[in-house]
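Shared between the two complexes below is subunit A, which pairs with subunit B and subunit C, respectively.
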Partner chain A sequence: MERHIPLPMLILAVLGFAFMLMPILVVVMAGLTAGEFLTFPPQGLSLRWVAAFLQSDKYLSSFFFSFRLAVMTMIVATILGTAAALFLSRTGMIGRGAMRAFFLSPVVLPGVVIGFALFAFFIATDMGISRTIWGLWIGHILYSTPYVIGTVGAALASYDTSLEEAARSLGASPWRAFRKVTLPNISQGIQAGSIFAFIVSFGQFEVSLFLSSPNSEPLPIAMYNSLRYQFEPSAAAAGIFAITLVTASVLLTNRLVNIRRLLERQQAGG
Partner chain B sequence: MTRKLIRPTRRMVLRGGLGLGAAAAFPAPFINHAWAQDVTYDGEVFDAGGAVLDIGEWGGGWEEFVRGALIDDFERDFNCTINWDSSFPWFPKFVTQGARNPVFDICNWNLPNLIQTNQAGDFFLTVDEMRENVPNAADCWDFAFASGAGITWAYQPYVFAYRTDSGEPVNAFRDFWAPRFANKRGAYGTENGLMHCFFMACAREFGEDQYDMEAAFAAIEDAMPLKISEFTFNMLSLLERGEVDIAVHIEGEALSLKRQGVPVDVWEWSSHPILTQTKTISRYAEPMQKRLAFALMNRTLEPSFLEVFGDEFLWRPTNRNAAITASLAEEGVQNTADAVEAFWVPDWDFFVENKLEITDRLNAIFGL
Partner chain C sequence: MSYVEFQGISKQFGETLAVEDLDISIAQGEFFSLLGPSGCGKSTTLRMLAGFVTPTTGQIHVHGRDITRLPPEARDIGIVFQNYAIFPHMTVYDNIAFGLVERNMTKRDIRRKVEAALEQVGMSGYERRFERELSGGQKQRVALARVLVIEPEILLLDEPLSALDKKMREEMKFWIKEIQRSVGITTIYVTHDQSEALTMSDRIAVMEGGRVLQVGTPVEIYEYPASRFVAEFIGESNLLSGRVQEVTDGRCEIDLGPAAVPAQAPSGAPLSEGSEVALLIRPEMIRLHKVSEDEAPMLEGRIAEEVYQGSLRRYQVETAGQKLTVEVANRPDLPLRSAGEAVALYWNTESGVVVR
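Right, the complex of A and B next:
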């Protein structure tokens, strides 16, 4: 049966999507300008700033550094966030609500506060990781993990725990029951959370401002520096590649999820 | 039936607390600073044995150029590695890490931020200590040492950049307030150094002296509405598009727009304040790092570097032996004692001491 969306809702939805997509359009068009400055609308169309980005050692190294950092962050944030979400959904200890708020607090606090607080903490404890890649990594994990907790927590909220209990009652060990029953049921939430973690880390600016290490500049910091000292459209050209990477990662994940579903259906049918 | 898979017991909580306590009690490694040792530098190349020098410097195209024109050779000649950090602001990093554990061995600043940091602690060598160990400092004009805490190696005069198709040429500071520029005036946010200097110049122009804050507030209020930008290059794009007809700016960047064929010219403020690039050396840097910092400061003041830097970014050198880049020379700019005599560095100590009040009042004027 075909669903009908009321016309006012449809118009609102289209306007909402257009509003959200407009900055992306502006960045893409500004990156393709033929002019000297980062302006919109563009002064003619050209690939000169895209070429400038591809020829810039600074931008390319920042781009790939941000990519590696985001992948590393995604892996750890996914593991920690999933574990935290499982704990929060299953524990009955007093103060569970406060603990959930605590785990999610990095999202609520301004990034610049987290960045500075971590910077001060690393120095005060003399851990030797202030302004190192490891300190920056910890900052990104801290900031990205709540997104995983949120999405996995949402998946667990709709998950019927009696399925796992049934597996246990049939003799499965706790680990086997989790791996064979719980994990497949919440995998959508985990994948969505991991993608969120990747995107948040890749675009993170405020935390990186205080924690980034010398000679290893994440892309948002490199773009900010370009705007601050040159205001060239190469920053927008870098934005085009960043948008492309994030879009590709989302599409790829969707594709992988669909393939997995297809395989599951085939196995079920066979 | 539902069942909780995790149920912490009192024993588990106590065991966890014990573990946290043990971790907190783990002794942090002690770093023995040898900063108390005297370090001297005579201008010669030496082998730093692969030492690492932490520097705070601007990023982007600035970094790419300076690395190619200065740093690469420096690393090779002195057998050292430069750790380049461009994630400004420096002030909170210096203050948080403390004077005895400097975040950078050598750092490049705009003066208001430098003075703010210098007022917060004993972070930097004095100008006299630097001059004794930086041979090329002997060739610098006196205003290169006005900060008291670093050596200024490049500068630009403040100007009004204006569109030449908007009427008669600008030839007085008060032209900024001319009715023809109504709604077409450009200035900066309250954290931008150009706005700080504009404020001090307004005080000097409309009041008794640079300390006459009330006169400056009144003048800026009279110039409203101002189009506020955060960065100078953003202001250039506003000028190029004609959204702004006159703007507070600095000479070199504004002239770069003129060189691109945009109908823009500059008028240097009659009081001749300057925007500076100033490098400090941290007092408590390790001996080898401090020696390398002297060497890098000395290389920065070499005419050969200052000239190629001027060619690229149109900054003027503070070294009297460096030549002015051709495109500035065509505009009549000279690097002679007479030409630099009138340059003036605002009293940034006064500004920093009154910054909170100035910022609040300006934000109120801007309607922020």
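Right, the complex of A and C next:
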């Protein structure tokens, strides 16, 4: 049956999409300009600033720095976040509601606060990691783990615990029951959470601002620093690459998940 | 010799006392049902035996061994859940093989056993299906096969039929019972449906509010309920309140107000004259006749309502200031009664059971 969307709703939806896509459009167009300056609309189209980005040590190294940091963050945030979500969903402890709120608080806590707090902490304790990738890594993990807790928590909320109980009474130890039954059934939530962690870390600005140094600059900081001094379109070109990477990672994981489902279907079909 | 033994089992969840001081013993090979309304603690009792819930007090013994604190995987007890809990990410084959894999069997043995189990439950050919590709009844069979294949000492079933439609339910009822009999496995069956419990069980424990009210065979439970609650919960019942008038060995006279009727005295402590009791008469035990002088009826009354139910007719009869339900087989030799008609009610003295 065909679904009819009321016209006003349709118009609002289209406007909403346009509004959300506008910044991306602006960045992509500005990065493809043929002119000397960052302008919109662009003055003619060319790949010269894309080429400039690819030849710039500064941008390329910060791009890969961000990528490495995001992957490292994703790994730790996924493990910590999954464990925390499991704990929150299983514990019968009093005050678990408060604990959930606490674990999720970095989502609502401004990044500035986390960044500043960590900065002050690293300096005060003189740990020697205040302006290194390790310090940044800790900040990013703090900032992105709640996203994993959120998605895995949602997956666990719709997970039927009697599956795990069935596994236990069929002879599986708690760990085997988790690995063979629970994990596969919440893997979609874990995958979604890890993509979130990656993207959140890759685009992170405020936490990074406090914790990075000129020789370990994530891409957003590098873009910001260069725009402060020269208004040149290679920053927009860097933006194009960032957008491409994020979009690709979303599509890729989406694809992976679907491929797995497809395989299952094929096996099932015979 | 009892095989499964609950001794003084209680379970407290925060403020709720879900199960209170439960003592049950179950014989080997027995089909035992826990029957009671929602929230009476049936599932909690079952889950304590399965090892998912730790009792607050008391012990559970199986075959003389104390299993109260053993984890589920060390118990050798199989459970079928209300929603079947088929692993959705595995094929039917892998679901049934799960317990065998955990027991480190060889691939060949696993294949042989899984195939035999599928055959036993009539699901051969479904090996490669996933849960979402099965009907409710098929899931049920797979869940049962998955448990039976590991040959557990005890089989637990928690309302296994409640997710099925009525026709399927009737079918599975007999099927489960048949499988249980052929395997000979000690089975504990949780249900809130009295007809399921009556048809399937060797013995039934009727529970309410976390307590066991009565344990007995279906016949004992239905014909000699120990309390008003059991009488009302099991089957259709007429409970007439009255007062004990006279007790003579095995028999007694119950004063119902307008008339006094003879009844069978309950077993157990003797009735004291003058005490308030209820007289239970099942609707199918009552015969309706025209009022005549020949034989003195138990009661006289007037038809208030008549309902046609296919195989039988159900009458509401006003008598002794109360309404009685009477069921009469729908046969041509039994005359029809219509509303307003005066009737005489008869039943055998043994069919009137005194309930305290």
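Operating definition for what follows: the second predicted complex is superposed on the first by the 255 of 270 C-alpha atoms of A that agree within 3 Å, B and C clash if a C-alpha of one lies under 4 Å from a C-alpha of the other, contacts with A are read in each partner's own complex, and residues count from 1 in each chain.
What we mean here is this: contacts are C-beta pairs under 8 Å (C-beta built on N, C-alpha and C of every residue); 3 or more make two chains touch, one makes a residue touch a chain.
What you see is a predicted model, and the numbers here were worked out from it, not measured in a lab.
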{"item": "Which of subunit B and subunit C A:19 touches, first, second, both or neither", "value": "neither"}
{"item": "First (subunit B), second (subunit C), both or neither touched by A:162", "value": "both"}
{"item": "Partner chain(s) touched by A:93 [first = subunit B, second = subunit C, both, neither]", "value": "first"}
{"item": "Partner chain(s) touched by A:173 [first = subunit B, second = subunit C, both, neither]", "value": "second"}
{"item": "Touching partner for A:56 - first (subunit B), second (subunit C), both, neither", "value": "first"}
{"item": "Touched partner set for A:185, first subunit B, second subunit C, both or neither", "value": "second"}
{"item": "Subunit A positions touched by subunit B in one structure and by subunit C in the second", "value": "162, 165, 174"}
{"item": "Sites on subunit C touched by subunit A in the complex", "value": "50-52, 71-73, 75, 77-79, 81, 83, 85, 87-89, 91, 98-99, 102-103, 128-130, 133, 146-147, 150"}
{"item": "Of subunit B, residues touching subunit A in the complex", "value": "1-8, 28-29, 31, 54-55, 58-64, 83-88, 92-93, 96-98, 101, 103, 231, 233-234, 236-237, 240-241, 260"}
{"item": "Residue ranges of subunit A in contact with subunit B within the complex", "value": "36-39, 56-58, 87, 90-93, 116, 119-120, 123, 125-128, 130-131, 161-162, 165, 174, 208-210, 212-215, 217, 221-222, 225-232"}
{"item": "Of subunit A, residues touching subunit C in the complex", "value": "160, 162-163, 165-174, 176-177, 180-181, 184-185, 264, 267-268, 270"}
